[in-house]
Amino acid sequence: MPITVEKVKEFLQRATEVLKENREYLTELDSAIGDADHGINMDRGFQAIMSRFPTFEGKDAGTILKTAGMALVSTVGGAGGPLYGTAFMQAGMALQGKYEFTLEDLVKALEAALKGIMNLGKSKPGEKTMIDAIAPAIEALKKALANGADPVKALEETTRAAEEGMKATIPMIAQKGRASYLGERSIGHQDPGATSSYLLFRTMLEIAQKQGS
Amino acid sequence: MPITVEKVKEFLQRATEVLKENREYLTELDSAIGDADHGINMDRGFQAIMSRFPTFEGKDAGTILKTAGMALVSTVGGAGGPLYGTAFMQAGMALQGKYEFTLEDLVKALEAALKGIMNLGKSKPGEKTMIDAIAPAIEALKKALANGADPVKALEETTRAAEEGMKATIPMIAQKGRASYLGERSIGHQDPGATSSYLLFRTMLEIAQKQGS
Amino acid sequence: MKKLINKPEDVVKEELEGLALAYPDMIKVHFDPNFVYRADAPVKGKVAVISGGGSGHEPMHGGFVGMGMLDAACPGQVFTSPTPDQMLEAAKTVHGGAGILYIVKNYSGDIMNFEMAADMARAEGIRVLSVIIDDDVAVKDSLYTQGRRGVGTTVLAEKIVGAAAEKGYELKRLAALCTKVNLNGRSMGMALTPCTVPMAGKPTFQLAEDEMEIGIGIHGEPGRERMKLKTADEITEMLALSIIDDPPYRRTHRIFDEEKGEWVDVDLESPPFKPGDKVLAFVNSMGGTPLIELPIIYRKLHEICNKKGLKIVRNLIGPYITSLEMQGCSITLLRMDEEMIELWDAPVRTPGLRWKA
Amino acid sequence: MKKLINKPEDVVKEELEGLALAYPDMIKVHFDPNFVYRADAPVKGKVAVISGGGSGHEPMHGGFVGMGMLDAACPGQVFTSPTPDQMLEAAKTVHGGAGILYIVKNYSGDIMNFEMAADMARAEGIRVLSVIIDDDVAVKDSLYTQGRRGVGTTVLAEKIVGAAAEKGYELKRLAALCTKVNLNGRSMGMALTPCTVPMAGKPTFQLAEDEMEIGIGIHGEPGRERMKLKTADEITEMLALSIIDDPPYRRTHRIFDEEKGEWVDVDLESPPFKPGDKVLAFVNSMGGTPLIELPIIYRKLHEICNKKGLKIVRNLIGPYITSLEMQGCSITLLRMDEEMIELWDAPVRTPGLRWKA
């Protein structure tokens, strides 16, 4: 069963809610090793996506995601803004013109997103960033699909991998972003960007589960 | 038995100790209705008097008190500095040239001191200031002497009147000094200047009692 | 108590040492007694303008010494009036032969110490006049108090009078100008947090997390009223309206009558603001308030002045008359005429205020 | 949280509105996207200097827009880098035909957003170069971090580069000058208290009554090390020696190569200080520190520089690059040559820094 553009919109709406609910939580995480704004930033960015919603009418998934990415770039600021903005724009580019797409297309879109983040952020896994949630999640999705898992099952594994990746940031020493200035003192704290990434994957799963039911 | 210049010096020394001991207390009182410096100011001023001590050698009571007053004027600042400074200088003027003096002379000196304070401060009893301790103390001393009380007895009554005057400032509304800006909110707090004045009278008594023993 | 200091008793001395090292082209510092004075003092033939007061209000007054403003400033201990010998020595050092104007804030301590200093300077043959600044509308009556405190208008008076002295105003004209500035200026302040005098070691008052003090002075003393925290707009409105709607204010000042050779009482009245007035709007930080907040206050003040028909022709925004690390602000409105505007715009070169020089 | 604000989400907008009302002769403000720009922009034939960064550091950067300093400043939300569209629109508005220099502090967010903006501006046919400021010696290595943060040297670079732009330096020469300033400046900061981002509502870290943070940045983030409170002299010594004894610092910057038309990596090295160097000494308040404390720091810094053979030829003392109401300070030393001294002394007229104009 293909993923429709309606599901993409539903995902963006639900993600906006989820990020709003987790605004304080993400900000709290960012206050331990950063500058206490990640939740505020993500919330502001997704509110901006919502304000662009009327323009999504009749548009393909690629255009919608690119618009969302541009909204993030121009309202979030900080590190999160350009990184998530680029991620959504790259994913949109990969899904250009599609009103329906498969999980295989999703993998391509996510890979494009990750590559965009790594290029812009000059970063790689293991540096205590959002990448540590995103990279293993994509790997898990690919593996599940290769093993012939059904969509919901595959996204369950993706989400689990994102969660594990997020938790794996706790013992890491930060090497990118503001947290890197803390050196050893960044150990023991979960990365806020990895956490917001996990929340986005979880939201994807939630939408898929609804679809399933 | 006359009061000797040695007793004056003893008084200044002991007053310095007493004010140092009460530094925090006076400052605390001043923080409730003023600017939290009265104890610090008085301590600084009397330390300065102590540093002039070597010059007191062989001098008469009047010269010593004038020197003490000038030390206060030039080191205390605030309202307390010129007021106490003037008081000591005026008292010194009244005792000019004397190496010994009577309680009657003391009354004249205290009256001169009070007049100096009232002139400079444009103030009168009932305004919640040091005057509310000093004026009744002088009255009590005069009355005791008129009644033929012995010196220690007379100074006991003086000190008691100073203490009562000090306590009587508690329910007053301040009309002079910084406390006046608090209006009604100055009610319920004891005036720091009245308190330091009481402490000086109590020290006078203490010296007289030693003399008596 | 958390402060960037060494020993509490050395704060003022070390601050002055630092000032002297930092601005040798503008000022010099004399110790024992302490005062800051113009590097090029005495300026021959110019009236010397001297102010002073407790420390803890930086940059006032030491930071306002230099070309176009003060000739000398006498800092007392923190929040404690300076002593007469400071003002006397400062006067002797900067006297350029044309007399001295003392600008004195209306606190009993400052008044008494400056009066003594003026008498002492006169005894040494120096002409001295003094003008008292009493602009704080938080103090309602003058009958049952020391009268209004001297706050924000002091800074503006020092700038305007300093410029006039530089231009060659003679002593009496200068004193009259300073009085004019005082009668046309009104201020009011508020605090979100108290401050701690280094020697005292603890805050002078306590405020709950949702409380503020309205009508505070500048000495860390409690204000007239404690109330629940309000928004910046509401606070600005409270302060601004207290100033703008303040009725005529009468009081008696003791000034020195040179003809009679003695101190005499004069009655003075501050006229209230009225639509059409040109004003200088001064938004002042009490020291600890983030600078991002001051334009927020100014924005509302501008709106209120507009509504009330007052035209803001000049402004000053920043920490200029502070109370150590206190968070809060004060507003001063000064009615301006052409003379005052021209003097305000004149060059000034001091550590704390500088333009066109 | 106690602040002189209305709604936390309106802080930046209302601050900008206030700035626009207060300084119409110096600056204008554009909203959506937000930027502050010179009232007389575009200045024909002059390179336009643009900076930007999170808000909460006032007067930086918006307060440094005006004659002799910045042409535009792009404020993000509090402590959050601005977005590329702000820098792009600012560039289009102030471009006088001679290109744009972006001065960027080295934070991942600032770098990424400014890079995107530069690419977008170039796509619209505007010549853009950017220079990164990374002067915070509290960050030891550049290999395992984003490299050193941009702090106090930014203010000095904006003044010196702004003066050079005013003098007519062309774009490449201006970028080279800015790089020179960066390579010769070093800073370090400390905090006695944290600060509270209005939108977050509580302090970013907690400090006990007897603790301080050493090596903090300017975003209310915790520092490198927490330690027991020390005296002003000890703190000054720690900061100053960290700066003066800092070894050569190497790092790689990504800059735009106009010949190749692409971003390339260049290796840069900051030479250490050595006896005989002339320096500008900058003592900065983090925002909430009483101004009386800064000369106390300066006094000790002067002594240390003397001892180390560094000659202080200019100084700057005050709250210029702040972290809201944080109490604490930072020290910056900038090695000066004749060109830089002359540019430093040139007239400047902005809301936050002003002389000779």
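General remarks:
Which chain is which? They are A, B, C and D, in the order written, and residues in each are numbered from 1.
Everything that follows uses one rule, which is that a contact is a pair of C-beta atoms (placed from the backbone, for glycine too) under 8 Å apart; a residue touches a chain by one contact, two chains touch by 3 or more.
All values derive from a computational prediction rather than experimental measurement.
Think of each touching pair as a link: the shortest run of links from subunit A to subunit B has 3 of them. Here the spacing of subunit B and subunit C, counted between their Cα centres, is 32 Å. One simple way to say how far apart two chains are is to compare their mean CA positions; for subunit A and subunit C this gives 56 Å. Shown for subunit A are the residues that touch two or more other chains, of which there are none. For subunit D, the set of residues touching two or more other chains reads 78. Chain contacts here run in a simple line, from one end chain through to the other with no loop closing.
For subunit D in complex with subunit A, the touching residues are 33, 54, 76-85, 107-109, 112-113, 115-116, 138-139, 144-146, 149, 197, 199-200, 202, 204-205, 217, 219-222, 224. Across the complex, subunit D meets subunit C through its residues 2-6, 11-12, 14-19, 21-22, 55-56, 58-59, 63, 78, 192-193, 195, 209, 212, 229, 231-233, 235, 287-299, 302, 315, 317, 319, 322, 324-325, 327-329, 349, 351, 354-357.
If you check the complex, the residues on subunit A that touch subunit D are 27, 31, 33-37, 40-41, 44, 73-83, 120-121, 173, 175-178, 180-183, 185.
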